[in-house]
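Same chain, two partners: subunit A is paired with subunit B first, then with subunit C.
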Partner chain A sequence: MSYRKRRGSRIRPYTFTGGRTRSRHPLMVQTLVSTADPSNDPPAKLMPESQRIYVLCRETRSVAEVSAELKIPLGVAQVLLSDLAELGLVYIHPTITGNSPSENQVLERALRGLERLFQ
Partner chain B sequence: MVSNDYSSDIPTKMSTKIVIAGGFGAGKTTLVGSVSEIPAVTTEAVMTEASIGHDDISATPHKVTTTVAMDFGRITVDQQLIMYMFGTPGQTRFWFMWDDLVRGAVGAVVVVDCRRLAESFEAVDYFETNRRIPYIVALNRFDGQLEYTTEQVREALEVSPSVPILDFDARDRSSGGTVLKTLLRYALSTNAAAAPVG
Partner chain C sequence: MRKILIVGAGHSGLHLAHGLLNHGYDVTVITGQTSIEIRTGRPAVTQLTFPTALEYERELHLDFWSAQAPQVEKFKIHLYPPGGDPPIQLTGRTGRADQYTVSIDRRVKMADWLEYFEDSGGKVVIHGVTLSDLDYFSRMFDLIVVAVGHGELGALFDPDPGRFTGARPRVVAQANIYDVAADPGEDETIGWAASTAEAGNMILTPFLTSEGPCHSLFLGDKRGGPMDAWPDRPRPEEQWRRMRDLLSKYAPDYYERVRDASLVDGNSTLVEHLTPQVRNPVGVLPSGGLVLGIADVVITMDPFVGQGWNHSTRCARSYLASIVEHGDRPFDAKFLTDAFERFWEYGLPVQHWAAMNSGLWEQPLPEHFTEMLAGATAYPEIGDRWIQGWDYPPDYQNWLYDPVKARAYIAQVAAANKHR
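Let's turn to the complex of A and B:
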């Protein structure tokens, strides 16, 4: 049994990802992801790692949080999430960088929020 | 077949990112922890030498892999907006990771320990050279007093005149919050200045 339990950590990270190290969707560490239909069980055809991501993301969280909570390296989390998004199983939320006027409005909102939180 | 159009059911949230950089031991993790609503979390990125700049690492399966740790924290600004603070990996040999972290960031804070100015030079140099995102310099006041004035630090670290420098206490939540507010105000002012071009 102990062998089985430890087996996961012995698999090379890129084994999960079929050798790919880049994700197809713009998933940054701070990008929020959520399971598209949280009331559904994860499709049985998914790999166990992807099923865990599917279940975890029933509540919205960032790519970095998925990586930290499931103890899988960031790069692996990015590729698996990208695949789930490709299948329409995971929704990718917008990321704000402040490079457009509409995004600047969001940054102003963030500043007001910080002013409220850190008085 | 199940419909693929789930998006209408999901309340869209947004996220944004601030990078916390600086020399080893300058107080990056302390700052992340003091402003974060959750205890600072560590995540790991597995780096393979061959993965730098290449898509396919399967061709060279015998390269050594290295695990790089990154600390991050979170602030829920409002119901729809979450801000993440990411500490950069301290060791200089992981500079290439900074590009990934910096991409898409609103701005960066370089935390400086005034007792070890030289430790932070490379971080300042990175942001001065790349100029991709706005950055500010935050002098960590370890013992309650600073050995140098902000202008002496500006000169020593070759910080541009327009870049804000402030002193703060990384252990203090309110002081850390002031650093974040300063960065956001500065980012908004630089974005406004750049707007007519874009």
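Let's turn to the complex of A and C:
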């Protein structure tokens, strides 16, 4: 009888420690995205939809807004945005998911928001 | 670089995604659940990773758990005949002397594979995919592989009754448990599997969850059979109580091992209904674009035979080879059909074996089958070959089904043992 409940027998989830190049920011409906360099024109080699996203996201938008504004299905918008982020053309803002290990981030964002309101 | 979209982050989809990434493809996985949601979500039907599938995972650096998981070197089979007689038993190794089988909680394995895929440079998009999404995607990607069989996407793949006729609707009840009593005289890592004439099948296997090693107990029966005891969706403790009751009636040896066991914390039980079938592997989108279904999108295995992940690994590996060998040529209808037919050369004999197991007690056991069981008791190599057939079920057609081949094999083993 050896497989029994034991403290400390929990297995550690996979973690990649050797040189991850980007943090994992999942693209959710509410995730904010913005063009990395808003003063540039979209690269001509992009698909037309991606060019429109590039232009639209010169101001920060949520994934849902991008989809609604450009009338493309939500899943398609997410895939196009993920490709643009891979190319370094679009920046994906960290989303507070509630699962974040550092809830300080949430508090800091709230604090910054309050500061802006009263400036 | 060819762009490939994989819809669904299940066992086959992620195995293929990692394989393609290793070959330099631009791979996007789109799935409805984040890795955290997979990790903390509901359990799935327990699956086994046999030695060859484990080797395939290691080639892609996907075996993260062998060091922590119970290493199942042997399995024991119990066949409970009608009338409550004691079971016929058979024991064998799951692989060669240096090999073993593992069983890992899907929530651990899929969550880790998804995160590792993203860290390796794969793109992950969290979104439940609709048909209109897919229509759009068919212009953006060179190939779309669909690896989720439920919802509106499942409807893309029509049932193909011509492929297989042994379908029996099944109900599965399962529990992850601690404190299972040892099988006297055997290693703690031994797995057990039973087939009963009066109810369905049982599998009791050492298992690795996020809480550490435990056992997973599976009871499968036909819909409406004596072990379909869950119409009122009982709560976990009540389900577990009924599972033990059923074992005491239909598989008393199993009851003796689990009578003092208790449920693992958290989500540790499930009840699931499924109907084994084979579907058309090529789906046509409203705009005319084509998508390829993989593994359980196309083939729902009878859960009695524990082949779910073996099938999905072998299907992913077969598709990977077809895709890579196809080079830069377009992924047209002929390619998609051929890719499935290539896998089906393996899949069809597995269906024959599943059909034999599914209907084992519908007629008296054939004489050569009983002789083989006696042979397995006398000669360990027969028991080994029997159990190792789970790793590669097409081997059974070489020695088990046909009376002439079966008797020739027993005679050959007997002669070899006489000269030893």
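The working rule: the second predicted complex is superposed on the first by the 77 of 119 C-alpha atoms of A that agree within 3 Å, B and C clash if a C-alpha of one lies under 4 Å from a C-alpha of the other, contacts with A are read in each partner's own complex, and residues count from 1 in each chain.
Heads up, the rule we're going with is that a contact is a pair of C-beta atoms (placed from the backbone, for glycine too) under 8 Å apart; a residue touches a chain by one contact, two chains touch by 3 or more.
All values reported here derive from a predicted model rather than from experimental measurement.
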Contacts of A:82 with subunit B and subunit C, given as first, second, both or neither: second
Which of subunit B and subunit C A:48 touches, first, second, both or neither: neither
Which superposed partner A:91 touches (first subunit B, second subunit C, both, neither): first
Which superposed partner A:74 touches (first subunit B, second subunit C, both, neither): both
Greater residue coverage of subunit A in the superposed arrangement, subunit B or subunit C: B
First (subunit B), second (subunit C), both or neither touched by A:27: second
Touched partner set for A:64, first subunit B, second subunit C, both or neither: first
On subunit A, the residue positions that both subunit B and subunit C contact, one per complex: 13-14, 20, 28, 73-76, 97, 99
In the complex, subunit A residues that touch subunit B: 12-14, 19-22, 28-32, 34, 36-37, 60, 62, 64-65, 67-68, 73-76, 88, 91, 93-101, 104, 106-111, 113-115, 117-119
Subunit A-facing residues of subunit C, complex: 5, 28, 30, 34, 36, 39, 64-65, 68, 70, 108, 111-112, 115-116, 118-119, 123-130, 132-133, 136-137, 140, 178-182, 188, 206, 208-215, 264-265
Footprint of subunit A on subunit B - complex, ascending: 4, 6-7, 9-10, 12-17, 35, 41-46, 51, 54-58, 61, 65, 67, 70, 72, 74-75, 77-78, 81-84, 86, 100-101, 103-107, 173-174, 176-178, 180-181, 184-185, 187-188, 191-192, 195, 198
Interface residues, subunit A side, partner subunit C - complex: 1-6, 9-11, 13-14, 16, 20, 24, 26-28, 47, 72-76, 78-80, 82-83, 86, 97, 99
